[in-house]
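See the structures that follow.
Note that subunit A is present in both complexes that follow, paired respectively with subunit B and with subunit C.
Let's turn to the complex of A and B:
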């Protein structure tokens, strides 16, 4: 086994092992998306009666896409919390000592973030289907939807890793979370972009998350839209934040 | 080039922003298979040196080669050849001992078939077989240290760094760890770089000792060489009858010059070293002086530290757990000779 792969797999195994074996880590990852889904799709379902709301798969599917992408992004951010905690407690040093290639440490955490999110996504999807969510897209469309969310999960994990490795303390948590929260909620969360007005419309029009939501909702309704733009935006963010995370690792190396 | 299993350090410096030089130009060499004790008080620069040698911290200047590789340019190769147990055994409280071994063996890329066997072997060696399936959150400090040592050894490193491995341990755990470290060097030929603030630890384990203070290496040599630099042992005798004190002092002065106050008896620094002790006993006997108490004080590494830095090794004894080697009960090497201190 290559040393890069060995390090990454070790860290992935340990992170997932703790996630699945520790209710304090597992439950919030499941409860929050389910809460948002229930609150948005259920409590706000009359929004679908607003004139001009023409999403053909219904409001449950409309909100499902947002909650799916949000859970992917926050799954990445929560992994950043774990990195910060590991470096704060000294466990990060153990990893730095064992890793021949230290970028493999970040890769391990990112893989674990993906694993965590896939588990959450599975539960969320089952709950949404039980709640009667309508899916009009085909298999390729759904692959596109989950693939897009997975890239978003990677981008968020790399963003949070970059912050965590620079601050190396759980006190950096808000710094990891707030920008992601703002980006997500300044997108068309409850209504399509064309129904938004005022400053939120202006902000949402240039927010990369808007393209992700538009593409995701296009996939689930079987009417793909903004696909290239969404994948380009997600991949661009992942690339940008991989450079950011690499810089964070260098900062952690310099700090000892 | 350094011998493949040794350590070579030249003018190593580490400066922290807005702080003093934690390590200020140290030079040292550790031969393969040697146990090198790096002795110094808290804040002397011991851990910073270890962090640089283990590639956890880049030096500000100077060079260090570990296992033949430069710690700055060839970090991954250095890490492949070393094991390290740092000052605080950072373990995951949610993992068991066996799971820690699984994590470490995986990260070091041991073949799957070998992982379990190596884990079992090492857990047995450090006496944690029965506790292997317990979460380490419930381990005692000694158990955590022993697990940390086992984790440092999974990939059979040729060089082992131990940063204050016995701080806070009870006597039993400390002795067990000393035995294992000595065995590693003796039987497996592992080079050990051991930092400690305990004089007795360095004395008992190290082939050679480097004394560091304020980032400077102030003395280096075998424990006996260092003690010999400082001076000769002293003998202190107390007569059974207080009336014999003066006669006793006269007899003792034949063997050396007076060494400090000894209110109930006499004390001299032996001119001929430890070998004079038998002559002293014979001379007292020949003079008919009944002896209540006779004690030889060998110079200790603390005397060396005192002589080199002008102060006693900070915290020595005070920070040691009760009953541990080095407490006043252990008269072998613990008591500092007043004649040397003066």
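Let's turn to the complex of A and C:
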């Protein structure tokens, strides 16, 4: 067990060290969520005057939840890019030769994904508060919001790890991020579900990301909703993608 | 020919804007309920955005192609031939023009099938295609300038988020008079991208709006002239270095 922990923590430290020391990795992780937050919360705030929009904490908080969950998901995906790069350069193969428990390699990357997202979440939260975001939820609610985003981060990291371990090349990048992008944007991004019309309403109604956003927005407004469904969806995705990542590791082992 | 031979350049420039159009036009349809919103169809309102996104892809495509020529040494070999700089730049921009026409045709067809309205009719469609071509050339010139200055495809690709900032901080999602946040409205007012989008939007929603068209075409022409001058100068410097 101590060997598992040592391997996982070693990979976590290395990945976080690279992330924090390389502006090319650090800046996009910070800039993109801030940019989406600015564009959506600033440019679309008038949308809160649409008849039927009844989110009590205001449009800034409404969009903050989306951007927070999006940053969590993409924090996981970006870690998948790192896995692919490590395997492309041969480092991943050396990890596999050295590690007694190969699942610890994936665990290390997943921990690093959580670490890098927590850094992004901290910056994003500070900026949102400075911008005047209203929080009506209590401490437990906020714990629920960040906990939900963290599980989403884990699920996305495991998804990206599964792709990266199968393709073992950075060329698999679009395959890691496009499905995540599609799932997130086919949810109620700009307006609550009940105000969506047409095909997007149909798709959003069955999209698991909708439950995550509804629960997250419920937490920040102090009116929790769909909490069990959201945690079940997030945990289900994490479990499903852990099997997917495990399969990827086996594929990488077979490839030698 | 090089542009047409690279589906990886053409497909994202067509698919990505169409996906965002589909998501945004459905997701924000209820925004048309806002007082003073200029149309009842958010699809018609949003149909102008893909043209701008297509122009941004033009930056990436022309810039990346030229940067690859620099990286592989092909430009060095070209510099030994009697080829003039203007011919080289024009040739590279030819691909951008073709892609601009293909993009405009696809965006307009998809918009028509999805139910968007064209207030200015068929002549308006032709004006939209003309503006889309001018925008593709103008932004293509910026791509060429970036490639010549940096000599790196990665650096050109790295500029994509910067251009996306210009798109998002414009009147892309709402008319400027309906943007509630003061600083955002101010930025959108000074952002030339707003006027390019509004020129196309005017033909879709209002019909013929001379002021919007003059601003759109004027800015597109200005971007083209400035971009071409900058690219020509950068090419001269690059050739001297070669």
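Everything that follows uses one rule, which is that the second predicted complex is superposed on the first by the 255 of 256 C-alpha atoms of A that agree within 3 Å, B and C clash if a C-alpha of one lies under 4 Å from a C-alpha of the other, contacts with A are read in each partner's own complex, and residues count from 1 in each chain.
Rule of thumb we're sticking to: a residue touches a chain if its C-beta (ideal position, glycine included) is under 8 Å from a C-beta of that chain, and two chains touch if they have at least 3 such contacts.
Since the model is a prediction, treat every value here as computed from it, not as a measurement.
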(message) Clash or fit: subunit B against subunit C, after overlaying the two structures on subunit A?
(response) fit
(message) Let me test your reading of the model: by the given contact rule, A:94 touches which partner, first (subunit B), second (subunit C), both or neither?
(response) first
(request) Answer with first, second, both or neither: which of subunit B and subunit C does A:200 touch in the superposed model? (result) second
(message) Looking at subunit B versus subunit C in the superposed three-chain picture, what is their shortest Cα distance in Å?
(response) 18
(message) By the touch definition above, which subunit A residues appear in both interfaces, subunit B in one complex and subunit C in the other?
(response) none
(request) Sort out for me which residues of subunit C touch subunit A in the complex. (result) 19-20, 22-24, 26-31, 33-34, 161, 164-165, 168-169, 172-174, 178-181, 183-184, 188
(request) Going by the contact rule at the top, pick out the subunit A residues touching subunit B in the complex. (result) 1-3, 6-7, 9-11, 13-14, 17-18, 21-22, 89-91, 93-101, 253-256
(request) Using the touch definition up top, name the residues of subunit B that touch subunit A in the complex. (result) 51, 54-58, 76, 79-80, 82, 84, 86, 88, 90-92, 94-95, 99, 102-104, 106-109, 111, 151
(message) So in the complex, the part of subunit A that touches subunit C is made up of which residues?
(response) 28, 31-32, 35-36, 38-39, 42-47, 49-52, 182, 185-186, 188-191, 195-201
